[in-house]
Amino acid sequence: MLKVGIVGATAYTSLELIRILLRHSNVEIAYLGTRRETNDRISDIFPSLMKTFDMPCSRITECDMPKNVDMVFVALPPTVSMKYVPKLLEAGIKVVDLSADYRFSDKSIYERWYKEEHTDSSGLEKAVYGLPEVFRERIKNAVLVANPGCYPTSAILGLYPLISKDFVCTDDIIIDAKSGISGKGRESNEGTHYCECNENIEAYNVGKHRHTPEIENVLSLISNSDISVCFTPHLIPMNNGLLCSIYAKLKENVTDEGTREIYNVFYSKEPFVRVKTDGKLPRTKDVVNTNFCDIAVNFVNGRAVILSSIDNMTKGASGQAVQNMNIMYGFDETEGLK
Amino acid sequence: MLKVGIVGATAYTSLELIRILLRHSNVEIAYLGTRRETNDRISDIFPSLMKTFDMPCSRITECDMPKNVDMVFVALPPTVSMKYVPKLLEAGIKVVDLSADYRFSDKSIYERWYKEEHTDSSGLEKAVYGLPEVFRERIKNAVLVANPGCYPTSAILGLYPLISKDFVCTDDIIIDAKSGISGKGRESNEGTHYCECNENIEAYNVGKHRHTPEIENVLSLISNSDISVCFTPHLIPMNNGLLCSIYAKLKENVTDEGTREIYNVFYSKEPFVRVKTDGKLPRTKDVVNTNFCDIAVNFVNGRAVILSSIDNMTKGASGQAVQNMNIMYGFDETEGLK
Amino acid sequence: MLKVGIVGATAYTSLELIRILLRHSNVEIAYLGTRRETNDRISDIFPSLMKTFDMPCSRITECDMPKNVDMVFVALPPTVSMKYVPKLLEAGIKVVDLSADYRFSDKSIYERWYKEEHTDSSGLEKAVYGLPEVFRERIKNAVLVANPGCYPTSAILGLYPLISKDFVCTDDIIIDAKSGISGKGRESNEGTHYCECNENIEAYNVGKHRHTPEIENVLSLISNSDISVCFTPHLIPMNNGLLCSIYAKLKENVTDEGTREIYNVFYSKEPFVRVKTDGKLPRTKDVVNTNFCDIAVNFVNGRAVILSSIDNMTKGASGQAVQNMNIMYGFDETEGLK
Amino acid sequence: MLKVGIVGATAYTSLELIRILLRHSNVEIAYLGTRRETNDRISDIFPSLMKTFDMPCSRITECDMPKNVDMVFVALPPTVSMKYVPKLLEAGIKVVDLSADYRFSDKSIYERWYKEEHTDSSGLEKAVYGLPEVFRERIKNAVLVANPGCYPTSAILGLYPLISKDFVCTDDIIIDAKSGISGKGRESNEGTHYCECNENIEAYNVGKHRHTPEIENVLSLISNSDISVCFTPHLIPMNNGLLCSIYAKLKENVTDEGTREIYNVFYSKEPFVRVKTDGKLPRTKDVVNTNFCDIAVNFVNGRAVILSSIDNMTKGASGQAVQNMNIMYGFDETEGLK
């Protein structure tokens, strides 16, 4: 049994991680760390776990790393994570990091968008971007996996076949994204107040969301060219679920049929991508509490309209983190996730 | 035109007050006060008011009362309100206070439940409890009206005919109340976080909610005897609306027919109480954004099951406050409210 | 007092119409017609109206038009409306029609999208498209106003200044729209079942929604050229509210500043359009229950990203219908609507 | 591997059953039957199952029973179920029936409340009421288990210790119940329309809900005396979850401490009942998607206020059905459910 730890155990993503890991045949949760002084059991924080998983939380400090664990999921905020990850790696512990801290090979992009100096260049060099459908081979041998953001997971999976085959005009990609409120995290502020979110839709961070460079970075890697996107996220009154509606102009000579075909080619063997057929469209309710990404491709006036939906907390965070662990350790990739 | 002010202008109840007062033919909003330093217009705080009502907010301090207003609505938190109200009264300004500070003639009850010494005995003596259906005559001449709490408004209106006519066993009254989240106010905390409230029901403060003594106090006044109730509030995932399901054992010789009849007697001339007939039941959606209280009386095994629903922000707060003002100034009682 | 009637009185839009008309100083609701045999009062159908407006409904048939009314709002489904409207006009009654039946001057477009022959060419010739911000002058003298669809209202108001000034590439306009569930009407089916809609986002009718030709038609009229758009509507788990996120490539030489400026030029005197400033963005909760359209213009990589939000039942239906009536009869345009 | 079938496979409860059974180590789903002619795969009806479980549905008729299955879950409506169950039993197939058809040993009660003659007296004699916490021993040898209703499960578990120990006045029990909308089933009608349910609370079937006699029946069995309850269900705007707030007057000499103690005695070894301590209260969100029943006991003025919450689709339906199967076949009682 692989002994795993979770650092930042009181985040919403950690609750999801715990739920998944409890169903996993090959691992045992051996450590739950938080940065606060605490005597709480995890079931005091998440009462749904009572009688199921009542493990006590430990305080983690930068000088006091967990012992007796083989790998750790880090669910700390960006700019905090990079203070803990190097210590874990030093101690011989493999890491899947759910923050943004190791998602950019180019440190300067990170620093520009996260307004903080990156202090772990060595980690950055080792890190592999944990989107299995694109980088599975590299994940196998990674000691540090940077788990993708929720919007990037949905957007990149929606665009991967098109970009990879050079089917679309890369200067004309629009991503209109809609997410449930859990994407905002557990912090209480005006933006997460029930009465402000309920019975409301609004866009936020138009052209300025930090997932923009992450999407552009990975798409550029895939296409071997500079890709910029117009990315607009919106908040939707529901807990979990995320839908990207992606608009991309097809190049001349690219046919609708050919396009549909490459989605099948790219994804028919993927365990967690489902391409919709017969005009059916993704609904976030079909992917919530699953690790699936549902994708439909439509065509309107020479443009591909791709709908790509995930559970922001599962395929968009904790489910994908476990999928990455499965790949790193040679477990069945779907273990714990089906 | 009566010049009115609002103190505590950034509360949810104040937004509701403003909406109602803007429709009122006899008043003009002349002052908006907040305790914080501010340069904001009210439409910066509540963008729905933009282009409709863009009045600047003023800072109010205990030594700096609004000028040029005839009456003021005070929407400050309990224990804060009683610091401002005496100054307003001194300046010759009439007050409708939406906090709990003037709802108890017996100071010791207030102090026990609100854990703070009451510092305005003089105000307490002047204050009239602003439930028009019960205390209309006294409201007419009041200089200070204590606007009732949301749960008490719904519960007392549901029980008033029964208690008044001595139809029920007064030691066996159960009030199971359900409220939308706006009842929790604009403060952001774990209890108002979208993901904690959404897709959830829970009871809170069982047997300990501060509206319990308020309900008991008024019912006791009505019945001329000591009444205690078993009051359990619950939070419901919606913005506005409140339903009390009230269970009261009928005394012997009291008939179902007789009971139905007295509801008609008590309420047929009330402009804001609607007694449901033909087996129809109240729905909070029918009273939201109105000043109505919808009531249905049912009978199960010798017990009256009374359902009483209001909009917690309107009849349960700001609508009733305006109704009180209308009565104090001899305006049509429904002005601004229909 | 103008005597107005409503035909199709049991639709959600009619409830909204009634609420607005009851606040209107210049009109009296004199008739409520439905196609079904009925003894119901309108307050039996919409209990929120009890004690406020208890008027009985009448059965309307094609041979039995309302008498004693000056104008009528028709809230019948498309393809049904055109059977009643000619009879009303014949009887000298002015009409605001909320269906799609009179929105297309070119009958063949209507017939292609609504799959039914258009039987009232004469009405089509008289009809004026009732978007006051664009066609106010023509509405003044109209006897038949075709009230715009909800998506077209939001989308066209968002694009009107840009199209009018020829600032954008007209072959590259993307409209990603999000609407609350009331847009689906009062009919119960799988698509309106609570558990199917709640905690879910989904796109529908991608590239095939009937509001597409309506948007294209009006934009083409404004620009004097053929405009096609890529329009994708989505359903959002909330009752009311609609947001269009519009993406349009700016022509060379068009500046961000210049673009912002024209929005002010076009809308600063409009009573119901609010252009957001200082980076603020529209929220549907700020426009719900109002007749406002809130618009923000952003710029991302040479593209205008316009956010345009309305209440689909008010500015997107009944509010705009009353605004049109106000214009037709020379009332203050905002009467009943502020 | 036990081969199980599901009859009535397109109900919401069947989706839940499938999800649970797919996690179960000892069973294989061998049959999915519906009453309609169909070529659908179950994943066509519930797209969330795509790529996970794409089994075709079969048409079931009264003369054509499933073959090659050892036991069947019947998820048909009441009065329909009793037409199929006898045929299944005849064919030697064990049954867990999720309808109400076998919940009443006294046929006349069933017939009075369900307005239909009961046609399977023989089945009624064999049936065991499948509430494991109360009837576990009898379930072990049952060939036909009548799976309890959702409200009865929550209400009876909340009252079982009190009734069993004769701690409360049995003529004074009030059950105020709140349920999510999924309890209404998949049928589309005005009562399940999104805009009618959302932002609303309402009671329904006051004193007339069919779960009343079911609750009374089982409590009477437990207490060996006639118990009647005052049961009021309410609809809450959320998908899943159910909370009963139960009010019961304690007999003299019964102490709060003693009462708390018996809840621990009764439930400390139960795998699916969690008694809250330290003043914590149940939240439906803590039990949704689990088979747990969370219970808190409070005391107000000599009355026990018991809060009992379950997921109406899991412990209130499909989870409990699997728990019953586990008991019938000697599997670990929690298999598939933790």
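Order of writing sets the labels: A, B, C and D. Residues in every chain begin at 1.
Criterion: a contact is a pair of C-beta atoms (placed from the backbone, for glycine too) under 8 Å apart; a residue touches a chain by one contact, two chains touch by 3 or more.
Owing to the predicted nature of the structure, the values given are computational and were not obtained by experimental measurement.
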- Going by the average position of its CA atoms, which chain sits the greatest distance from subunit A? B
- So which has more C-beta pairs touching, B-C or A-C? A-C
- Cα-centroid distance, subunit B relative to subunit C, in whole angstrom: 37
- Query: So how far apart, in whole Å, are subunit A and subunit B when each is placed at the average of its C-alpha atoms?
  - Reply: 46
- Message: Could you work out how far the Cα centre of subunit A sits from that of subunit C, in whole Å?
- Response: 39
- Note on the structure: Where subunit B touches two or more other chains simultaneously, the residues are 198-199, 237-239, 283, 285
- Note on the structure: The answer for subunit A against subunit C in the complex is residues 172, 174, 176, 178, 180, 196, 198-204, 206-207, 228, 230-232, 234, 236-241, 243, 245, 247, 249, 281-285, 288, 298-301, 303, 305, 307, 309
- Message: Using the touch definition from the top, list the residues of subunit D that touch subunit A in their complex.
- Response: 22-23, 47-48, 50-52, 199, 271, 274, 280, 283, 285-287, 289-290, 292, 294, 338
- Message: For a test of understanding, state which residues of subunit C touch subunit D in their complex under the given definition.
- Response: 12, 181-182, 184, 186, 188-190, 192-195, 197-199, 237-239
